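In the two complexes that follow, chain A is the common piece, with chain B as its partner first and chain C second.
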Partner chain A sequence: MASSSPEGDSSSATKITPLATFEPDLYQRAWQSIPHPSLPLLATPHGTSVTIFSLATLSKHSALVNGHTRSVRSVAWQPGLGAGQLRVVSGSFDSTAAVWNFRGDRRQGDTELEREVKVEADGEGEGEGEEEEDEWELTVVLEGHENEVKSVAFSPSGQFLATCSRDKSVWVWEDVSGEQGGDEDDGGEWDTVAVLSEHDGDVKAVAWCPDVPGRERRKGVFGVDVLASASYDNTVRIWREDGDGEWVCVAVLEGHEATAWGVQWETRPREDGKFPRLLTYSADGSVRVWELKVDEEEEVEARQPWSGIPNTMRRSLREDWVCTAVLPKVHGRDVYSVAWSAESGILASTGSDGVIALYAEDGDQHSAQDEDVEMVSPPAAEPAKPESDQQPTTTATDTNGTTQKGGWRVLTTIENAHGPYEINHITWCKRFDAGTDRKGIEEMLVTTGDDGLVKAWAVTLD
Partner chain B sequence: MSAILSVDDLNDFISPGVACIKPIETLPVPVPSDVPPPNALDEHEVILDGGPSSSSPSSQPAAQISLTDCLACSGCVTSAEAVLVSLQSHNEVLSVLDAAPSLHLVKTTNGYTVDGLQDKNAKLFVASISPQTRASLAATCGGGITERQAGRMIEHLFVGPNGLRTGGQYANGFTWMVDTNTAREACLVLGADEVLGGAGGGGDSKPATPVLTSSCPGWVCYAEKTHPYVLPHLSRVKSPQALMGTLLKTTLSKTLGISPDRIWHLAIMPCFDKKLEASREELTDSVWGGDGKPGRGVRDVDCVITSKEILMLAASRGINIFDMSTTPLSQPLFPDPSLQDFLFPPSERRQSRAAGTSGGNLHYVLHDVRSRHPGSQIQTVRGRNADVVEYAVTTASGETVFKAARYYGFRNIQNLVRKLKPAKASRMPGSKPFGSARRPAAAGKPAGLEYAYVEVMACPGGCTNGGGQIKVDDQVIVDRKGFTTKPGPQEQKEWLAEVDEAYFSADEPDLASADQPMDTDDATAGVIDGISASKVRDILAHWSRITGISLQKLVYTSYREVISDVGKGQATDTERVVQLAGKIGGGW
Partner chain C sequence: MASADIQNANPTILSVSQLPTRLEGRISANKGAHCEYDNVVFRDRDWLKDLMKEHAGDDSAGEPLDEQEVYDLISVISDPEHPHTLGELNVVRLPDIHVTPPPRNNPKGLGNVQVELTPTINHCSLATVIGLAVRVRLEQTLPPNYRIDVRMKDGSHAQDDQVNKQLGDKERVAAALENDSLKGVLDNMMKPCFA
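After this line comes the complex of A and B, so read on.
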């Protein structure tokens, strides 16, 4: 396994080197590490709690404890809150999601929060450990799932929260406190806006399309937010709001031969303003790249929304998602996590085999010129099956020049990144530690493993 | 119509649990017999239901579960489709019809009696049909067939000489087919009395405010199993199906002098969960004929089949339902003249669009309120989606005297039950109590709901979209519409609109613009929304008189919190595995 590694090939200038291990060791399986969208904070669920690390000190900042009775598998930072407000939602196997508000050092005022973090960054760390139990307050419990909540995710604006569960459903919640001027002391007010039950198996992960220009591509047809969910039924589904308050499944992405563990949206804006692509990864060991097909006719329609076209003439509530590439196979076992850099466009994958792999897209600046690296051409285009097999698109993609450059190559791999342990999560993350002179700009990788360790890795591109 | 809808036939009613946990109690831990690939070992998927992941389409013995078991178990929200369909199905209808020659109605000098009692299996067959079922069939027929015409086709199938009577061992058919809309009128009057305090008084125990509709069995079942704190709010009035069942069983057994178990009552409904309702111990002769307590007596409704199952029933007798006549069929007189007039009214009440397609409980209450406040207006505000609507009755002086709402669909029900839920003590020691998805009551905002009444239905779009209706992706519709691909959400929306259209279809379409709100209230005459409350009360009193049973026992019902004993006591192997998995952090 992982024998295709070009490691040792001195021609490849891309390197992954260990940077640091976050302190302390959690001594429990840890499931993921989610960076705050702007602040130097990282949230890592493990056991029944969540540890918040400072990205400045690479050590513990605070903790969310006593909120769940079973393991916490997923966390999400709510974006779009007022200055100085910090709110985290945790999803747990106890079938609930919990909303937490940060209480630590409130009286210092809004702007102090960041400073506080930065002070710690300078290594002072005074007062550490005091009040630890009170720093985060559990303010709201979101109940409704019948059993284990597997993943939670916020839409880019923070308006919507998606949760998914072993009960095969995806729930969409809306934070409706904003309209009434939400009090920063509380956990918001949450309405259930959708219960989506189309998956035939546990839903493992949910992810919202990031707010990049390409996202507006089809907004005349739907609301702007796009949700993807990955399931034990081997499929990934795309969900959108139909403009009438109804969330509908607009596409079913079929192709994986085992559980789809997760999805990752393309976070870097595409140069041609196209809709972000989607990565899906699976227990079948593969990572697939999917692209939304938008035809010209619809483009025109989308630019003049509600232009008097009768309802029945409007585009049906479907999207055509096509698999344009399968990444070179590196992992011998389940791929648990893939991260897509918003800066470099480089992919990082990891999984059950403890391997970390980096990939670049052909034609992208980082794909270098190494001719000897394994090339992968796009597979025979596999149409995403949108409920029915309407408009089979078995050949269409070939004529569309863009899909031809859908080749990806492995830049480098490292094995046993967490020793013999499985790696559950990988993410790109901005550096704020003393070791970088480009704080908040330079990227690093963070992996989270069954060994209870959260590790930071420096990535050197050519 | 809604996000909760999907290609599956059943998922638009309150979704069944991940699995029924009943069978699992007796099963050993499913050990994968085949050697799994190495990576499968890393997926410590915690699975109770033998679902897709347990890799065991193994030789589990077929579990036998009765609907009454389902009602007694909180393992899942409702029960599994297979259970519902196997126990009350078109096959059961056929086998009961073929069990013995049916009882025959005989007119005597001082009334009616029946013939054929010597055969212990002989029954008198009576059917009741919902308007949503007629609408489903009308839309399926297409070609401008109205709901009433579709109803006549169904009557010909069940009662007429060219329907079920053309086949079967004894050429049996149904003696009567009645319309649940007639029982509905009584339910509306009783329901409004319960909310507003009227001549009926609302029974012995009044529900808490806001009063919540209880005619949707999916919603009632969900509340009993998952949110028992809402039970005090549920309307005590029986559903139209249940009220019709009690009416038929009590009056027919009394007037014909036969035991209620000699009357076999079939209800035809838009909804699978109505089968569950029919199995409730609260709706048997134990309540009105026995000790007055719920029990496993003779059911008021013996069997429920859905709109879709009518097609299966006709097909299995080799009858093309679409060949049935649309001409009126004359049915035998009901053995009580007053009830004859009530059950077979000379003219049918028009279905008002504003009433919706779920019986119009809220609509009637609003009109009752308006009739009590001359000059008042009903105001309507759409909520976050089409299935949430708020209503207010405002007097001429601008004072709001009544607030109510409609909450349809599972996701909207979540928001309703959350608002009714009492706050819990915090799990964090010393912390203040927290709300469930709402700010703590301490925040100084008005807590709870200000509504006096909420019409709650499990299905998005209401009862015309019931789980048992003929669906856009059913073969019959795919064929009739000529779809070349599987219909998607848009086609589904359009199909539901057609069914709704059929629901409101009048016999003569040009009679009056159906979009015009009909003002059929006449406060002085006691007529509200076309229903004379005094006539309804008279017939209810008559019913009580001829049967000698108190109205309390006839028209009201009760609800109970369902506490599962599953998982209590000694732990099963499966549960131990789950606990173990939880301790070590579980699998993914």
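After this line comes the complex of A and C, so read on.
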């Protein structure tokens, strides 16, 4: 069924093959599927609820229901909780985000939970009792946004939660309930630490920089956490905490010609210890790769204590992010999702056209064939965006073409991955099913579509 | 229908006999050697096709979608502030509908329907609502491999770009459809479609 048609590099033996469709069919648009950071669980929002699937059985484990009055658009697993604790935050078109706690047997450790996941799904098949739906308890409702909440995301430690909305704002919340999230029964204690209102349109997505070594690179200047937000205003913004508890916009990434649907950080540590790169993808059909340009001298300077220097003097509160590549064009319509493998470094993209594409980066040596280089060059001499230039931090546009390292090539594409339907999300995900002998290590792709299906795909690299 | 806040009190109305129908033959945008016979062969089966499309998912009876069919689906939607249809108000115009069928060698591939709307006056704040109704009507009736683009005809509307961007944004459209008051307006507009 899935015909794999290599493009670009015809010698590549990379293949995407259908592995399984998660059970049951959700029968309505599903927006995304988010794997738990370590456990074999996957959370899929659809309608006003969230279905949790087991990655061991590829079938339904439990559900979050009766917490929202409108569609749930996104979910996030809180990392860094105590053993056996599970907490999910859901963001909904009803303008709220909800915190959910799993009320399983609290003495269970991770492994028991895993086992329980399998038994339950094996045993019950279709008859999902009401009991199952009680397993998740709505503990806290986060109110503040004026319109639909479009995306929710946790910082790597679980300390911060970011939410964003059609009201053009990004909120940063902090769980101040202390170590391990406090009492297992409560949903944490959430303070609003920042309301960031610099976008000119809906904020479509937020994502935190993962905890990789390169992230520490500028911690003398800022707090360690870095947030990126993508917007209907076509831009992506980078936000950091300035060391005094103030969250500031340190860069505006301009280049997309239509809504930026999302951002994805590089999750694989870079060999040279550089700061993680950022992917952005858009309704303009393109995917862009951005890199932080670090001026070494300034970096050293910035590490000096700045006592006595007024805020306005701190040049280092700006970061220079440069678009270093535009991926070869594959998608004819909106790109809704891109995933960056932490293992292989391979990118997977999907969108309105129902196509899944995989891309690999050429080796570090700048020896790519001319063709490839041409394919990835950003459009020459992009005109500066007319309206939005009050921001002092425009990058990309003025520094275009200065960094043309690694090019990207298409490894393979498949069409009609969800039949005629749009695909809203793609993610890399560890395998825990019976079909792999490298449980928790081998990666697969999971796609989520308008057809209400969540599909798993095996990727064979050459 | 309160006259107080009507935005365009005296729109131009086309009579039913002026509206394009299958009986007049297809317009030039839709040419092809065998077109002339379509009237004869297919004219009496439109109701059947509509019926099948309402229910069938992927492909209805094998006959490719054409502009007149799209016109018939959306021209009967009623205007949110006048007791007339979008066809009668000339908001929906047959020459401004463009259908690109799936590639011949890949019937499972994507098709595209583009509709350009001409609101009755330049500053019609209801343009978004009308566009939304058209998009929703087509999403509910066309096969799922057709992607639908609804926009304002160039220059017909003062805030074209904003309206077009909203209508093209799947997430915004989805959220709008969960807004009860807006949903009420849309349901009223759709009534004639199910008459």
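Heads up, the rule we're going with is that the second predicted complex is superposed on the first by the 372 of 462 C-alpha atoms of A that agree within 3 Å, B and C clash if a C-alpha of one lies under 4 Å from a C-alpha of the other, contacts with A are read in each partner's own complex, and residues count from 1 in each chain.
By our rule, a residue touches a chain if its C-beta (ideal position, glycine included) is under 8 Å from a C-beta of that chain, and two chains touch if they have at least 3 such contacts.
These numbers were taken from a predicted model, which means no experiment stands behind them.
*Asks:* For A:E198, decide between first (touching chain B), second (touching chain C), both and neither.
*Replies:* first
*Asks:* Touch check for A:W247: first (chain B), second (chain C), both, or neither?
*Replies:* After superposition on chain A, A:W247 lies in contact with chain B alone.
*Asks:* Examine A:K168 and indicate which partner it touches, taking first as chain B and second as chain C; both and neither are also allowed.
*Replies:* first
*Asks:* Determine, under the contact definition given at the top, whether A:Y232 touches first (chain B), second (chain C), both, or neither.
*Replies:* Both partners, chain B and chain C.
*Asks:* In the overlay, answer first, second, both or neither for which of chain B and chain C A:G354 touches.
*Replies:* Second partner only.
*Asks:* Where does A:R333 make contact in the superposed view: on chain B (first), on chain C (second), on both, or on neither?
*Replies:* Both partners.
*Asks:* Looking at the overlay, does A:E422 come into contact with chain B only (first), chain C only (second), both, or neither?
*Replies:* In the superposed model, A:E422 contacts both chain B and chain C.
*Asks:* State which residues of chain A lie in both footprints, the one left by chain B and the one left by chain C.
*Replies:* 29, 70-71, 73, 93, 148, 150, 166, 202, 204, 232, 259, 283, 333-334, 352, 422.
*Asks:* Over in the complex, which chain B residues touch chain A? Could you list them?
*Replies:* 1-4, 6-8, 11, 15, 17-18, 38-40, 42-43, 45-46, 51-53, 76-77, 384-386, 410-412, 414-415, 418, 424, 426-429, 431, 434-440, 443, 485-490, 494, 582, 585-586, 588
*Asks:* Using the touch definition up top, name the residues of chain A that touch chain C in the complex.
*Replies:* Listed in rising order, the residues of chain A that touch chain C are 29, 70-71, 73, 93, 148, 150, 166, 202, 204, 232, 258-259, 283, 332-334, 352-354, 415-416, 419-422, 450-451.
*Asks:* Hey, which residues of chain A end up touching chain B in the complex?
*Replies:* 28-29, 47, 66-67, 70-71, 73, 93, 137-144, 146-148, 150, 166-169, 171, 173-174, 177, 183, 186-198, 200-202, 204, 232-233, 239, 242, 244-249, 259, 261, 283, 285, 312, 316-318, 333-334, 352, 386-390, 422
*Asks:* In their shared complex, at which residues does chain C touch chain A?
*Replies:* So the residues of chain C touching chain A come out as 58, 106, 108-110, 143-145, 147, 165, 168-172, 174-175, 178.
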